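Okay, so subunit A shows up in both of these, paired with subunit B first and subunit C after.
So, the complex of A and B:
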């Protein structure tokens, strides 16, 4: 008579389940510590000293952001360039910028953006992805949205659209009026600009490469 | 609950949970239908009940009905497994009413208030605007209390009565399930950190703890419905737990490809999530193998009757074996590698996967548990199908599979036109949406959604009336 095999022993499998679950959990927690360090938000001195953070500080709204091919990483990355006016200013203090971003992030949740749009690719698929919306050529000098809203800058056009979306229909499917105030709209645009500066490992690929694209420079 | 054969208070409570679950399932389908119509007729209920609201209720009702049915399933099987009445059943009943009342208030606020100002008050009292876990913060705290009470009852019963393998797995699984909810309750201005922890709830629920829950329920069903041997079933269960947690916990990496998290998640996510279908294959084989084995033992004795004591429920359990493997396994694997996911992330492809996975992995087996409860409540020894069972099963399953295929076709347009060709801009997005294949995909999704919704009415009729049919063995 052969001895009973360990492979058909419930206790063996129970212990395997416990060990493997424990091991996977410990690994996940360890990686979470590493990732948390890498995705913490940067600050104003990082930006001033050219320190690259995966998630830059709120004062990134004072700078021009572009999305450029990185030869070494073989995909596009956000590049923070020279100063750029945002609602007429390029000298937002750390406190002011953080306050705007806070308002915008809160607004993105309370207005339920994510149940139509995707943010960083997550959400619903009823409206365009907002990850790099700030860099979308449609809002740029050659795009249609500035003329449509009668504004001369990207941020003003976006803010105007957010306050009265159903006045500016671009397609049969429209964005509804969500009661967004002027101040909330400003915060939301700051939130969008900040999100476009996050290093998303090249997602979305080829963003803005079609006609009138914001590619580099 | 007149004419009930139930003597266990725990099982009575289970039927309450199942009743609310089935109601919320109906709400899920109704608001899904509204959202599906809006894809086809964009002006439908515009600025009255917008897509964002319909979709929020669609996915919240989904999560909540499944949680209700999961709580119900545990309260149902506890007396059978432990051999005693559930400890703290009065607390359980009180928490049931608290939970139901809270969900009702939350849904009414979703429908009638919809959005709030960009401040903390909206987060506390309207919704948090975070997909799947939109519930406002007051409800978060309430849900935590309810979940803790549920877990406490499970633990006290498991420790006092006979702690079977199934109960042991459920105890470990349910405390993780409840605990993980806490990681989705805080606010941060950093959207990358926000989504990082958001996935701790969503992923570690649906691709880890919920799947283990399904393994436990399948094990219970095989023992009660076809008389499978406990030792064999529980060994399979431990193997499934090993494989599910072994792949699923680190498989979380496939959500960390593009949200601002480091590149090493590409490799970790790709490797472990590619392994995630394996336990689903195992569960599939397990159900069908045990069925064949038990039927074979009967045939060897020269008996020509089915070993199945609950035909409708077992049908749903077998559909679970198929649906879990196809919806979660195959449709998930399609787009889990980063090279593919770069283009499929956030498209109708995800939506196709979501529909078949939630249905195949969870809806099926939970509907099966509802039929088990109907059998028990009516004191039936062998429960057979009715015409409504057949209509409900085939229309709901056919409808969801149809929606999945339609959304997959639409997803291809999203991927090829919006993403690969046009670079995902606003203009590129609408180029994809206006494609003929996309539009037809959405038309067919709506048709199949109507089929599913019609099947739901057969299901409700059947759950309410099958117990009174006369062709069962009493």
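So, the complex of A and C:
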């Protein structure tokens, strides 16, 4: 009788499959915990002490956020700077800021922003990606949106646009009027500002290189 | 020419951050934990088949 090859032996393949499946399961569980640790939100004292967290605490709305090229990581990263007024205040407590962000997050869900926009990689690409919307120069002091709404700050311009999108025509794909109230708009802008402070490893790719944008030509 | 292991640039030090440095680091890791044990399983099964006289 010819010698039986290990390659045609069932037990070898069963044991190999069991090993690979078992290891893959362990790896996935490990990755889940690794991710949870990385995406956990920081707090107010982190921000005060200059501790860099991938997701800063809610009080980041009290600070100026910029988006700068990191040569070593080869993509742009959010940089949290000096204090900056947000709707006239830069002293939001952790509870107030968290409440505002929560209102904005719930607002973005009830108005189904993701039906057209992308938030942190989720959602549609019909309308502009909102992940770094706060950093879009169109809302800045020299931006077209701030000029069009006639407001003097970024947050007021955004809140005004959110409440009356049909009054401020943008381009072919018009934002619908969703009946957003002033308080909801404030929450949504806080939510957008906080989201822009999240280090997303350079996502959305080339956001800063689009024409007229942060470091664009 | 880049060294295989660059200084860590990720925000949060993580084992997976080290693995994500390039294609080779991940490949070597997966070969170590998947392919090497399979060679070991192969040798054990071969020895068993020989002992059973197949």
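Everything that follows uses one rule, which is that the second predicted complex is superposed on the first by the 185 of 217 C-alpha atoms of A that agree within 3 Å, B and C clash if a C-alpha of one lies under 4 Å from a C-alpha of the other, contacts with A are read in each partner's own complex, and residues count from 1 in each chain.
We take it that contacts are C-beta pairs under 8 Å (C-beta built on N, C-alpha and C of every residue); 3 or more make two chains touch, one makes a residue touch a chain.
Here the structure is a predicted model, which means the values were calculated and not measured.
S.K.: So in the superposed three-chain picture, is A:16 touching just subunit B, just subunit C, both, or none of them (first/second/both/neither)?
M.R.: In the superposition, A:16 touches subunit B and subunit C alike.
S.K.: Taking the superposition as given, does A:38 touch the first partner, subunit B, the second, subunit C, both, or neither?
M.R.: A:38 sits against subunit B and subunit C alike.
S.K.: Tell me which partner A:52 touches in the superposition: subunit B (first), subunit C (second), both or neither.
M.R.: A:52: touches subunit C, not subunit B.
S.K.: A:28 contacts which: subunit B (first), subunit C (second), both, neither?
M.R.: In the superposition, A:28 touches subunit B alone.
S.K.: Tell me the contact category for A:184 with respect to subunit B and subunit C: first, second, both or neither.
M.R.: Touch partner of A:184: subunit B, not subunit C.
S.K.: Can A:166 be said to touch subunit B (first), subunit C (second), both, or neither?
M.R.: First partner only.
S.K.: Given the touch rule stated above, what does A:83 touch, subunit B (first), subunit C (second), both, or neither?
M.R.: So A:83 meets neither subunit B nor subunit C here.
S.K.: Who touches more of subunit A, subunit B or subunit C?
M.R.: B
S.K.: Where does A:72 make contact in the superposed view: on subunit B (first), on subunit C (second), on both, or on neither?
M.R.: second
S.K.: Return first, second, both or neither, reflecting whether A:4 touches subunit B, subunit C, both chains, or no partner chain.
M.R.: So A:4 only meets subunit C here.
S.K.: Do subunit B and subunit C touch any of the same residues on subunit A, and if so, which?
M.R.: In the superposed arrangement, which is not itself an observed complex, subunit A uses residues 9, 16, 20, 31, 34, 38, 54, 199 for both subunit B and subunit C.
S.K.: Across the complex, what residues on subunit A touch subunit B?
M.R.: Per the stated touch rule, the residues are 8-10, 13-14, 16-17, 20-21, 24-25, 27-28, 31-32, 34-36, 38-41, 54-55, 58, 98, 101-116, 118-129, 131-133, 136-138, 166, 170-174, 176-179, 181, 184, 187-188, 191, 195, 198-210, 213.
S.K.: So in the complex, the part of subunit C that touches subunit A is made up of which residues?
M.R.: Counting only subunit C, the residues touching subunit A are 9-12, 14-16, 33-34, 37-38, 41-42, 45-46, 48-49, 54.
S.K.: Inside the complex, what are the residues of subunit B that reach subunit A?
M.R.: 35, 38-39, 42-43, 46-47, 50-53, 55-56, 114-120, 122-123, 126-131, 134, 165, 168, 187-196, 198, 231, 234-235, 238-239, 241-242, 245-246, 249-250, 252, 256-266, 268, 342-343, 345-348, 350-351, 414, 419-420, 422-430, 433-434
S.K.: Given the complex with subunit C, which residues does subunit A contribute to the contact?
M.R.: Subunit A reaches subunit C through residues 1, 3-4, 6, 9, 11-12, 15-16, 19-20, 23, 31, 34, 37-38, 52-54, 70, 72-73, 199.
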